[in-house]
Amino acid sequence: MSPDETDLPPLRAALEAVLLVTDEPVAAVTLAQVVERPTEEVEQTLQALAQDYLEGGRGFELRTVAGGWRLYTRADCAPYVERFVLDGQQARLTQAALETLSVIAYRQPVSRARVSAVRGVNVDGVVRTLLARGLITEAGTDEETGGILYRTTPLLLERLGLQSLDELPDLAPLLPDLADVEAGQAS
Amino acid sequence: MSPDETDLPPLRAALEAVLLVTDEPVAAVTLAQVVERPTEEVEQTLQALAQDYLEGGRGFELRTVAGGWRLYTRADCAPYVERFVLDGQQARLTQAALETLSVIAYRQPVSRARVSAVRGVNVDGVVRTLLARGLITEAGTDEETGGILYRTTPLLLERLGLQSLDELPDLAPLLPDLADVEAGQAS
Amino acid sequence: MVEVSTAEPGTDGQFAVRLDNFEGPFDLLLSLISKHQLDVTEVALSKVTDDFIAHIRAAGTTWDLGQATEFLVVAATLLDLKAARLLPSAEVEDEEDLALLEARDLLFARLLQYRAYKLAAAQLAQMLAAESRRFPRQVRLEPQYAGLLPEVLLGLGPQEFAAMAARALTPRLEPVVAIDHVHGATVSVREHTAILRERLQRTGGGSFRSLTSDCQGTLEVVARFLGLLELYREGFVAFEQLEALGDLHIRWTGGDQTDIDPALDPAAAAGAEWDEPTEDEPTQDNPDEQEPM
């Protein structure tokens, strides 16, 4: 059931076609399996495509987000797209949700109690919101306290435009004495 | 709320961006309204784009169908697209998809936001899957929020071996305190 | 220094603050420090202590004690520190002072930690905003491919399907931290102030240790300390300390005045309001109370 070898579209076109039908980021290795080419060659072609779109002034971009490749509209076309898409508007996160999200992102997996301790307020409602928005998910229970642990989802990475959690901005410069704080703060 | 006139992307890019986010044919006159240009100019640009994709050997095509413009995968890329579509799919629905389906079945017509609130997780991806599998379909929009409503299809009834929705088992005996649940489930 | 203020000055130049405008005591502290154009240092903590206390007073009857315990704990620590700075020497001589220094370090560390996450949150917000201008391709399959999908199998019958719906629609009982003890421990500063006033008028004075010897738990000690500061502010008591970091002695200087008219004393009136118990149950002598940390 392999495509006929004699009349194949170029690799570039094959990748473009697959990218057009996916609704989530696709890893290069998955694409490589589909087109039956080495992952490395596929990676290079994808990068060339991304460059091609950029230089060609296309209205779309090919980007790696959350560990996969995906087509996006160009940022400066947002006014038109927003006008067209009714359902696409994401409600803005509140300050409380953002702060809670940032604690979870940097401390995951982490319990609500611990997030509350950092923020100095109860975070139950905010955590429910973040769960419903798909930005965090449950990740087992804390062995000591039995409390539910939370971690961030690939969707958050997508929304941040990041490949992986490693790309989160470094917290160290913002936090003079992380070690001291950790030591002093009872869990 | 008109886009800033000084720093507009070219018409071509604006059209590409809008076309990327729709899966229904869009009439040129609609696109013209979105980008605030004469319909004729938009038509010409769309035709030039279609030609551009063809000559550039892209994996996608811009075609007019049913009086509207839409991006499609290129026909000779079909073997790759088919393999990609089939690879990731299983005949069986995931637990998450089944749960979401059951909530929609008993609450229809219902918006994604409401299902999210009930399940405590984001259901966008799962809803797309259920749509793709033909188990649910769109059913207008919520008057209050403007969100798309969903209902189940005859295919679901068929799969459950039921004649009509009336034959769905009564939830009341399974749900000790339905009134409380309803009350507690303010969206 | 990054601006962290989230408060808007009121029209009268005062901060018209409702408690729920602030995401917790650290948010309030940072706002105050920012308002004074100070860097986040321990010195800044000392400079905004009065403001901090004023703000939680201004919250008046809107206090939800369950939500506000962190504010109270932070307020108590700040007041402790403020009082300690009145001492002639900073030498650490006993365990209480050591505990106070530890409390100061912990408070400061937690404030810095909170600030770091707040700054990180601001960066995340920028990233989210930038990213929200890009829309991912996210559409249904073209019909020709949608038809390729294998026939979907549900793998369950109507009864199982209904049971699944029932489970999904039943609100999940999330494990919650019991806060009964917090509510049970509602402590009234006004009542403790009254106790102090009566006792000091009668005896003329005493050590802080003796004045708090009958307290049940930390919250009551805190309440009594707040009460003492209240009386000190109003000029009804004087503090004496015979040796550095020694016992704090309180002397009644208010004469025979038996009552203070709250109407003539806005601060006292506010103080009397913000700790008003929210429940009908007795607010003292509750054996369950404990420090809510």
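A, B and C are the chain letters, set down in written order, and residue numbers restart from 1 in every chain.
What we mean here is this: a residue touches a chain if its C-beta (ideal position, glycine included) is under 8 Å from a C-beta of that chain, and two chains touch if they have at least 3 such contacts.
In this text the structure is predicted, and so the values were computed from the model without any measurement.
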Message: Suppose every chain is reduced to the average of its Cα atoms; which one is closest to the average of all protein Cα atoms?
response: A
Query: Once you count every C-beta pair in contact for both, which comes out on top, A-C or B-C?
result: A-C
- line: Averaging C-alpha coordinates per chain, one finds the centres of subunit A and subunit B separated by a number of Å equal to 21
Field: Centroid distance [mean C-alpha coordinates] between subunit C and subunit A, Å
entry: 35
- request: Express in whole angstrom the distance between the two chain centres, defined as the mean CA positions of subunit B and subunit C.
  value: 46
- prompt: For subunit A, which residues are shared contacts with two or more other chains?
  reply: 19-23, 60, 71-74, 76, 81, 85, 88
- prompt: Mind pulling the subunit C residues that touch 2 or more other chains?
  reply: 135, 137-139, 141-142, 145
- prompt: Considering the complex alone, what residue numbers of subunit C touch subunit A?
  reply: 6, 23-27, 66-67, 70, 74, 102, 105-106, 109-110, 112-125, 127-128, 130-139, 141-142, 145, 174-177, 293
- request: Mind listing the subunit B positions that touch subunit A in their complex?
  value: 2-4, 7, 9-10, 12-22, 34-35, 57-60, 71-74, 76-81, 83-85, 87, 116-117, 120-125, 128, 146-148
Task: Spell out the part of subunit A that touches subunit C in their complex, as residue ranges.
output: 19-23, 60-61, 63, 70-76, 78, 81, 85, 88, 90, 93, 95-96, 98-99, 101-103, 105-106, 113, 118-122, 124, 146-148, 158-162, 168-169, 171, 174-178, 180-181, 184-186
- prompt: Where on subunit C is subunit B touching in the complex?
  reply: 135, 137-142, 144-146, 148-159, 161-172
